[in-house]
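Data block below; observations after.
Each chain carries a letter (A, B, C and D) given by its place in the written order, and its residues are counted from 1.
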Amino acid sequence: MAHNSFGKNISITTFGESHGQAVGVVIDGLKPNFPLDLEFVQSEMDRRRPGGNSLGTPRKESDTIKVLSGIYQGKITGTPLTMIIENTNQISADYSNIEDVFRPGHADYTYFKKYGIRDPRGGGRSSGRETSARVAAGAVSKLYLKEAGIKIEAAITQIGNIKLDKDEIKWEERTSNELYCPNKKKAESMAALINDLRDRGDSVGGIIECRITGLPVGLGDPVFDKIEAVLAHAIMSIGATKGFEIGEGFNAATMHGSQNNDQRNSEGFLTNHCGGTLGGISTGQDLVFRVAFKPTPSISLPQRTVNKENQDTTVVIEGRHDPCICPRAVVVVEAMSAIVILDLYSQLSLEAN
Amino acid sequence: MAHNSFGKNISITTFGESHGQAVGVVIDGLKPNFPLDLEFVQSEMDRRRPGGNSLGTPRKESDTIKVLSGIYQGKITGTPLTMIIENTNQISADYSNIEDVFRPGHADYTYFKKYGIRDPRGGGRSSGRETSARVAAGAVSKLYLKEAGIKIEAAITQIGNIKLDKDEIKWEERTSNELYCPNKKKAESMAALINDLRDRGDSVGGIIECRITGLPVGLGDPVFDKIEAVLAHAIMSIGATKGFEIGEGFNAATMHGSQNNDQRNSEGFLTNHCGGTLGGISTGQDLVFRVAFKPTPSISLPQRTVNKENQDTTVVIEGRHDPCICPRAVVVVEAMSAIVILDLYSQLSLEAN
Amino acid sequence: MAHNSFGKNISITTFGESHGQAVGVVIDGLKPNFPLDLEFVQSEMDRRRPGGNSLGTPRKESDTIKVLSGIYQGKITGTPLTMIIENTNQISADYSNIEDVFRPGHADYTYFKKYGIRDPRGGGRSSGRETSARVAAGAVSKLYLKEAGIKIEAAITQIGNIKLDKDEIKWEERTSNELYCPNKKKAESMAALINDLRDRGDSVGGIIECRITGLPVGLGDPVFDKIEAVLAHAIMSIGATKGFEIGEGFNAATMHGSQNNDQRNSEGFLTNHCGGTLGGISTGQDLVFRVAFKPTPSISLPQRTVNKENQDTTVVIEGRHDPCICPRAVVVVEAMSAIVILDLYSQLSLEAN
Amino acid sequence: MAHNSFGKNISITTFGESHGQAVGVVIDGLKPNFPLDLEFVQSEMDRRRPGGNSLGTPRKESDTIKVLSGIYQGKITGTPLTMIIENTNQISADYSNIEDVFRPGHADYTYFKKYGIRDPRGGGRSSGRETSARVAAGAVSKLYLKEAGIKIEAAITQIGNIKLDKDEIKWEERTSNELYCPNKKKAESMAALINDLRDRGDSVGGIIECRITGLPVGLGDPVFDKIEAVLAHAIMSIGATKGFEIGEGFNAATMHGSQNNDQRNSEGFLTNHCGGTLGGISTGQDLVFRVAFKPTPSISLPQRTVNKENQDTTVVIEGRHDPCICPRAVVVVEAMSAIVILDLYSQLSLEAN
């Protein structure tokens, strides 16, 4: 296995799996002499941890951050910053009935075929637990970005068929509910739907929208590392994602140039159909993109599958799973965005005209 | 500027801009002693070149491939394979009226702000011409993949509001028309729409679907280099793309786990909602993804913009532009896919269990 | 700070500094299902640890390896293998008299000028302690190489002016003494010299020779990643190294082509002046190279220097330092060599003709 | 084959082999709006080209630089700068007698074993001709460094047993002779020795010393990318190099700490034993290193070898070869140094405290 690192000037390397001692991250390339607000990092961890919201798994893990290196007297030294989350609540018994079968919608089958390993306890590196390391790195990135005036906020805009129209999005209501849904009322319907599916042993997908504000003009490169290309890479590397679109996204396919082009005058752009990027480089407008998440594959309804000997069988996945991935994924989307934006931002100094 | 290379084990580096002597590509990491079918490479170039189809720009360029290195007695030696396309038909006069203004929907503004350069003749590295180098590299990649039994085919499934439903897609009709539209009849409507918009000085967007068949299980890594993440990066690095989705894509947001999970029996998967990837690793099923393209930004209707001194002005973009990018982009989508798949395929040998 | 990773297909990322919680390493890219002999890894750590030999510092540290990730039921899973060594014996008092001055021959001055940090407790990332993470990674690499029949052994062949001539090197005597000196008798003189310099508060340099046996033909690339170039990079990245030479090395400057060329017949090469590499690619012969180490900069004789305010001062470095770096560096040279060779070896599968 | 690129923030990719159309280089990452002095680049090419000095091969090649991309109105645009040298004087007949045998001291054997290719016409990518692309990239790098006040000069200080002692080095005499030998008188002896060996059909090795002046404090990273490590990598990637040392180099092995440490006062360092680097980071002093070159392997004396069927044979290498590589290698050493230093220099902006 390879490619457990991401980023160019500032890179993160994550490690750890559910069954091991710890998951963690090494961040390389940070500027020195920057104060690390560990409380903020922990608060971001709490947004993602199992048991952190009433709509997700009741399984509780504390996800406490511990710093191994890179700090001296409260400040980031610029040396590799290593943070780990020790594994504490691993109830292996949960997985006893599935250790020989490939769960539908999971990485079990492909992982086994590729590596010859069938680790039933949470999926090895394919486990959602790996994203806790990304959230830690994202939190640190956000701190640096905050100083540069850049803010990253994601929100749920669709769960199943409950969808916010553009004029229903009220960003100020985003933190009024556990779903980070920017419409308090629709949030209630979404919560009801999620709870209903939990009761039925099923699950549901959704869409997360992310907005990045305060960006300068100039992030991204014109060819392979367009800002939307690097973001798409980062976002689609989060498990369960099935789509990425920026600005008008798939809707742009239906538009005419005269509708989609963002005209401008001396005071700025008149519209933002492009979502904050032209030619792969940030325009200085808000960067706006959306991510599609599939329904959680772990459901307790019976499903057809095979075991390691390729014999037909039926599996019922017990245990305490999230009926919808989105509530806990909001902070992961923000984290991967922060990691990308900080990397591109740091690169500006290299490229100054 | 940086990051003009893409790929890990097999990498491509593209160079060249519209105003220069040539555009080209260096491919590094190819296996030696493989015959190079240059006629095939040229035929792929012809699919992309300006003037290559009746629905695009009438501007004709020959886009003839010339090999500078990496070949000996008709075979790829494994040393860097360099191919160039010399620039021949550069009518600078076309651009005289726009040299001081920023064209809406183009990279002009961001490129100028970032690099201090406003090169009116075709957009520097942001020019669509850069993709000719990708097509050359993609053609070589396809030759290697063909030997491995892997085939990559893209098709237009939507132009504006003319859209193929799933049951209207007849893959065998894909090569019956210039649009690579897998429905002969709808292709005619699409062509009419494109011609209509050309007459009105406007343009239109569309969607390209790509199918990759013959893949083994095991391409892609479980964390940052999931097959869909690397593909999304590659595809979103093509100019004018606004979205990427795989399998059910954004539709997965509306589904339940019981609907979206691909169950299986001893003979294989029963459905392919996932689009050929689980946990970021290819399942051996067809890989199916879709790409949204925005309408061509170059339109001849008057648009509001500013000049380099940030004074309000109106621009009318003359010249011979494609009213829809999609017909020429089909082969570019295939090319970037081929480059990604060959890179991941070559990596299998590194990872064997 | 950046570039705390090394390697291409198999990469190591080290982290940690003397004052922190731990130093450690993440190894990415290992093949799965390989048994990890942790006792061997620990035995390699013991060869490097402070207090591990009678000629070095009497400061004792246990340097116990702890695995955080990448192991399941005793086997390497192929996921990132993370090993840490927790810091236990950090007596900060040792450094109180030097916290404001730049020690001659140390990184203090350059590190402070570059990062604005003067961490007196052991030099931050410039500390020799960082090499413990390399030794752990090197030990794991050696285990994989052993299975491939490749062996790496280093030895001290010079301390100060006490030097082994070619005919004095008896490789079988290499493990008869703490210096890994392949001549038992000269080892005694070297030990006496080291102890004499310790008594005088001074230090001395030396040369380490490394031999790699069992290599196949074909490691290394013809251009930038010649095997000797990658080895030179790896070896010169060890602190206190001042030179690297392979085969005849600097002596080749004095030779004629007719003397230096290695002729061959059907049974193989007749000589090995080249040191096992031609055109940057391993010949299948023994790879033989030498590394020059400078004398330990920490000496207790008074030295002229300046403080952080650039005022003239004199410094006397107390504490328990190694009068010669070489004895503890032998295993570090082996470790970096093992990391390089495993990386190049794994790449063979990518390059097969 | 892979790894035909070098560098991190600014990278070069070289391509081409003796038998092909051209050799060339793509430089990625240059800052825009910098004037390209093509005459200077050509003058550097002339220092390396065959026939450029009376002591080398009488084979003449013009090595004319042609720019394919990256320039607009005489200025570097920051887009990939591609320069090629077309192959003109390829007399294949020269190689007819050696096409089936492995020349001693050449890459023929290892290259064939690795890639299954025996290209007699100049050694494929192992040909010295590949270095012309490096010289072009080095020349461009020198132009950028010159503006930063950094100068790179190399000189021959030893040919065979003719060696300059420290007090014989008179840097101002370096350009008085074709050997770039900083001692006019010794240069004559060296020239006589080279001519003598040519007459005898033999060859000889030598040492090149390189001095870099005007460096700021702070180039290089403390761990894997120490300035001396990256330089060693770059330099040892030049064909025929056998050793690299910096500052006191191998002599440091004989020294005591009290002799080797560079003490300082408020006006600066009192000595420069370290060669301009402490802890892998430039001190602001002159960077001084030496490179050992082996004797040219192409000699016309009969040598024992085997053919592709591993049958014993004798080879006499005819043709017009350099009896000593060093005179043409001086500019190559400078070029690789310039490429490294520019890369590290550009990185300073990323790392600012």
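Following the convention adopted for this analysis, contacts are C-beta pairs under 8 Å (C-beta built on N, C-alpha and C of every residue); 3 or more make two chains touch, one makes a residue touch a chain.
Just so you know, these numbers come straight off a predicted model, no measurement behind them.
In this structure, the chain pairs C-D and A-C differ in their number of contacting C-beta pairs, and the larger number is found at C-D.
Ranked by separation of Cα centres from subunit A, the top chain is D.
Chain centres here are Cα averages; for subunit C and subunit D they lie 26 Å apart.
Per-chain Cα centroids separate subunit A from subunit C by 40 Å. Multi-chain contact residues, meaning those touching two or more other chains, occur in subunit B at positions 1-5, 9, 14, 29, 32-33, 78, 115-117, 124-125, 347, 350-351, 353.
Residues 9, 29, 31-33, 78, 346-347, 349-353 of subunit C are the ones touching subunit B in the complex.
Subunit A meets subunit B in the complex at residues 1-6, 8, 14, 102, 104-111, 113-117, 123-126, 130, 158-161, 197, 202-207, 217-218, 221-226, 228-237, 239, 241-266, 270, 274-275, 277-283, 290, 292-299, 301, 303-306, 310-312, 347, 350-351, 353. On the side of subunit A, the complex with subunit C involves touching residues 1-5, 9-11, 13-17, 19-24, 26, 28-30, 32-33, 66-72, 77-82, 84, 115-117, 119, 124-125.
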